[in-house]
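Order of writing sets the chain letters: A, B, C, D, E, F, G and H. Residues in each chain are counted from 1.
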């Protein structure tokens, strides 16, 4: 309920066209919408055509399909993340139009072909083992309507590979850097561009990488001040955050 | 040296207007600028009017003034961060036009009055103890040419204080959330808006806050996917990152 | 042995009705009960009708059934926690009246129907993945004779869902908040009520959630001063603690 | 604004006694109070006679006095915590009636003598070094209207000292256990009573106590299921939480 | 080679009964034994009747049997620790006289019946889940010739169970306390006796027990100054250490 | 109250020589002593000539002197640990016979000269910086009536220094190893002797020594199974533990 | 492109023998090689006979074989590390000349027999469980053309075993020390030689070894200043680092 | 005592020229030297002209001067590390020829001018705050007779500054990389050279740098396999280790 709607309602009460009880119920039963806007609800919207996301991890194939069906009925495009092979198969079986992404462990169910793509997000990885997380970020960002470029396996111990692609970096509006081990790539990329860098530490590594902690700390302590960090292996979050930035 | 400049130089060599040795020295001695753009160097620019930042921590008042003088000579606007009272006094004494920010522990030295202000960044804090870090972010973002709003002391244990200012949040293009203790404010704000949220954990707290670790982990694990995190107490980084986002 | 019983025993000794040796043995062999009350022993009581709890984890189905049989013989109601499917099946086979709780991984064996229910405890979760722990708390609290309400999936990134149920929160005498990831829900709920809040961090999450540490720290650092915390995933403890509070 | 008040307001609008604009402003500008109750605001109340708390840490003596004056004007009783000697002196100078608590580092400013005291909270410490935190809890609980008992220096390495006071423990409605080092006292006390135990780890100790972490972990892992834990050294929180439990 | 043997050897050289070369080789090739005593080598002795230990973990059944055979040939008694069921079966098959300990996951191969038993070590556990580690300590200590008593499941949350057995504690010369979760039992036992207490934290617990860290820290911070701690789950070490103390 | 005394008391009740009420009060009011022995109280004894210890840390010079006076009056010998220079001076001023130990930061007040000394404890340090903790252990052990040897600065990076003193190690009944940094000395000493080794990690070191954690972990993971560990810098505990072992 | 080549190119431009556009493209498109040397690329060389390494972990047998084939075609010798049995079998099947190392989990594919061997690296382990990591280091160093000696199972708790082999240590040019648990061996070896010591902590151990952290910290805090540390279980890195040192 | 000496001694015994007792005493009393060489003692040599090091931290100015005087008398060159201003002044006063290094907090006392200098070590830092640790490494390496180059403030966020000095890196035989914050410089340098890289993490940074832990982990997880790591802020160790490598 917007401010205007509240005013109109009160006017209708004043004019006797709406009863006190009815107005009371409407204001009372919708406590939050009365505060003024619909955006609060944007991420769980039930309006047609709005994207919805299902976290596949911790849900059975059956649950995922059930939820996806409900969303599709409401007209939403659906992204399923962290869906292993069994879950992706179940999705495919239920939705023939579903597009499956093996490496990203994702599935996308859409009414129309992938339209738009105003954005320009570059996803960069340090090694090949970081690619699944990078793909999760890329699929998410594309699902949300962004054009996505990729630059994989350009870790800092072979800095020339990265520098040879400097123009790709300079052309991007937002850069997602995905790296495990020491996570140094975020700092180097942050020093090459003046655009926002979203850093995703990955759990790639062993021993003193402590499941991604070394990369996480490295990124948080980046000497480049244009780096924002998300959780370890959180490709989905990087995809969403880079998307909301790119949409500005 | 831009691509155009390299081409012109080569043409001058071809035309005999520039000697081989001179061209060699220019290309050789500036190996990186030859790669095609100035942005690499943007943060250490020596061109007139470009902002420069001095980290005051770990430098003596004398060192700060010396560096600031060199920058001013080169025509740059100067921001000094982490400058305690003694250092701010030394800056004031050396630069009569310097504007000092007590709470933010910053100083700004500018040729002209604060011009522009296209941006619209909102800095939010959970408590009053988080304000110094928030002010560092705000002063930094303003110094970089952004319009900055402030919403302080709206922690989640009194959620209505935050909700009463929801419109302020919805109007912002980028939101910087500064919070210590459990750092929960970032998640709540992230749920209220679809704009990027830059979260700054602070070392405010005691005991199991472990100098900001609790807030840091809380923000990294935020259930809102639009949150990017910077280092503990890193108001400066949040100011720069929110600025590069806002400039898009 | 209560104070009264000790006095009676001594009187019987004085009157010669009980021999010195017999009295000596009784006082000596029950050193602690002689100290004056039964409450010390309350949690391992062998009196009829008192509830008993078996931690299923780390016990074989056979062991659980054996212990439960001994307890039933002594007339006790029995709650089995952390009982996986195999164990629950064994319990069902041995006790036809057993009520099994799949999600809570619990089983309850009772002589009569669930009687009483004076209490009024509300169990709240941030997400759907927190529900098993929440159910463990709920089943435990109900087993101990409390009326239990539930409010699931009201995490802080969609704060309006929580606020729409504010009356439910205000009506509760004790509130158990179950949350993983950043655990911020405890602070928000603590700010909405003046009743005690028992916070249960869960190991839900990944990466920098560190198996529940992020949620644990968030809850310990809650800016709401009415929050008490139990161990990660300790739904049973939250059920017992909220029950002893509710019984006051 | 309660539900009743909203209804009355709407009736007045319907009857023309209140203008639409006036009603709109009232509903709009007080978005949250319209949701139905005052309790949201209870901890920042401005009503007469309600207690208010000022965290002294991180505030100057002048700031504390200023805030306290404003609260007193609004008729509130005031508790100042974490007030070192300098701050307590400033409070005394400003408020002649202030009662200072040296060990608890607190000050209380009250209109009348300490009235009521329905409650019955017992504060227990393991060692003498834990007493300042215990006193903070005790002063807070008393300030909030509870009767408070104390049992200090009864650590588990001399278990008989604790057992000799078992009746004191059995008489209490809520028990606050304050302990550093290994924090084992919470478990032992939890085994002696069936009342809720609020455990406060303290930073007392050295080496592998890690500033209270050892005690914190010990308490979280208590084998007694009736223990809820607050932050390290958080005597204030234990005082508030035990008070809301005791008030039930 | 003892000091005496060295002297004798030199005398034989002086008397010409042993050649210089032969003496040289003996002194040179046994550099360390020449230093004067056999104790250095005591734990790897090849002399008859001396006990030997094989850590079963990380070895195949075949490897264990092979090593054990070599030891038996040299006349040694053999203890195998951390031997799972498969390994114990292989030992039984190879050595018919082997005594298997299921709960302790150990096997003992001895020429004669268990002789001696001068010692008097008491092994105490907090819970039933701590028993495997306790049994490892007990089997080890018995294997090394000590009389061993056991007192299981006397955790501090039911302190009276422990106190009822106080005489057992007072009679022991060395006490091994095995406890997981908060590990508080070591402190309580340490307060009841003036004999050395060897504390073994176990990985029993979940969540914030962090695989035994909580118990480890609790024991290291024990307020009883007669407690020495060994590694988490290190029943073997506790058995050896208590044995060398008991043998004094 | 011993078992005998309880029996006698009951007999007196049976014979009418003691009233029921009197017996009741005695049994009831002395709950713990009735369990059978005085040893519970050994560390806080008030009998003449028994040693008493005051932890100087966290107490004022005045408090220390007051407590020491009370102990002296009761006839006890007194050891004060963690007493800085100011506190030692105050002790000297109050007790002219006090013996001060500068490096150990201890003071001893005794009626007679140091008599006895049956024991034979060896205190070993890795470096010179570990000596204060070693001295605390040595002074404590001597105070408790043990003969104490010292072997300082024999760290493992110069292993020959240690080996040259092997006989000293072999002669000791109990060995206290005090080491910071990597704490490896405990393992090496443990391999040279078959006597119990009490290991004290110290906070000596910097960087990744983490205030003694590296040494603590090194000692807990010692490959020598005869090592028991106490808290970081806990010279006092090592002195007491080695003493109770040596007294066996 | 070396400096000389750049100069020649410019001269050719000046002489009109190379067009401006062609020169521009060469300088522009090879940004990094223009900086002067090929060594940047040394570790990914495609020149004949240069060794190449494939990290087997995280790659399928098929992927490994595919990559190895491409490398072999380019004439390179190939080392595959972290190859489990299945992967080693696939390698063997594809390359009949492949030499498999079971314990080191490596495979080497070479055109000619193992030639050279100027180097002299000694790999030392504390226990038998450290051998797989040691073998990885040894195989790597040999693959890179070094002569490698081995000294296994000489942990510090039996220091004489190590000392008996002192000459072996003194003869080595570089020493790789591989140790889990407390990792003390690095310090002792570092004290016996004045050659560089590369320390590899292993994840061997349990409980407070925390997956190799105890050994890692022990090595970083070594009192021997000639010790450099690599990641936990990083035998490959130790092999490479010792090789580049030995090649000096 | 070398092998030869032992043989000669035995021959003399056989020939009756040395008595059995005398030989016994010599072999017995010099346990370690009998093992064959003097190198064990190399780091504490008392031969003329050999360098000696005094760790200034934790020693008084007086102690330092006393130790230095003894060393000088024995003819040694002396390096004092971690010497603050007061200590350096005391050294200067006692030794007029002492050379003081302010930034490195070192002092060097030498008989002759700095001679030799065969080596070629390059010390690189990421920022200006890392310079004190770098200087400690440089002064140490120079003191041990190496030629040392320096390349400061070339952190990875401005990668072109580092690349401009690539030739300097390629010319070095050993490279010491000193970096705080994310410590990424070690990986980048390791990728530019095939020479050994000694990485020194520094405690430079704040918040999630955790006193150098972030840099330490970054360096341990370096994707360049030629990096060996020393303790946080351990400039001295890096100087010694790079020196023993350079001396090969």
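We adopt the following convention: contacts are C-beta pairs under 8 Å (C-beta built on N, C-alpha and C of every residue); 3 or more make two chains touch, one makes a residue touch a chain.
Given the structure is predicted, the values throughout are model-derived calculations rather than measurements.
Its interface matching that of A-B in over half of the contact pairs by residue number, E-F stands out among C-E, B-C or E-F.
In terms of their C-alpha centroids, the spacing between chain A and chain H amounts to 50 Å.
Inter-chain spacing, taken between the CA centroids of chain B and chain G, is 42 Å. Centre-to-centre, using mean CA coordinates, chain B is 56 Å away from chain F.
Note on chain placement: the centre of chain F and the centre of chain G lie 50 Å apart, centres being C-alpha means. Residue positions 31, 35, 40, 43, 157-158, 163, 191-192, 207-209, 213, 216, 220-221, 231-232 of chain H are each in touch with at least two other chains.
Applying the touch criterion to all chain pairs gives A-B, A-C, A-D, A-G, A-H, B-C, B-D, B-G, B-H, C-D, C-E, C-F, D-E, D-F, E-F, E-G, E-H, F-G, F-H, G-H. Chain F meets chain C in the complex at residues 3, 6-7, 10-11, 13-14, 16, 19-20, 23-24, 27-28, 31, 34-35. Those residues of chain F lying in contact with chain G across their complex are 126-127, 155-159, 163, 181-184, 187-188, 190-192, 205, 207-210, 213-215, 217-224. Of all the residues in chain G, the ones that touch chain A in their complex are 31-33, 40-41, 43-44, 57-58, 201, 203, 211-213, 216, 231-234. Across the complex, chain G meets chain H through its residues 35-37, 39-40, 42-43, 163, 166-167, 170, 173-174, 191-196, 198, 216, 220-221, 225-232, 236-237, 240-241, 244-246, 248. Against chain E, in their complex, chain G makes its touches with residues 129, 157-158, 160, 163-164, 206-209.
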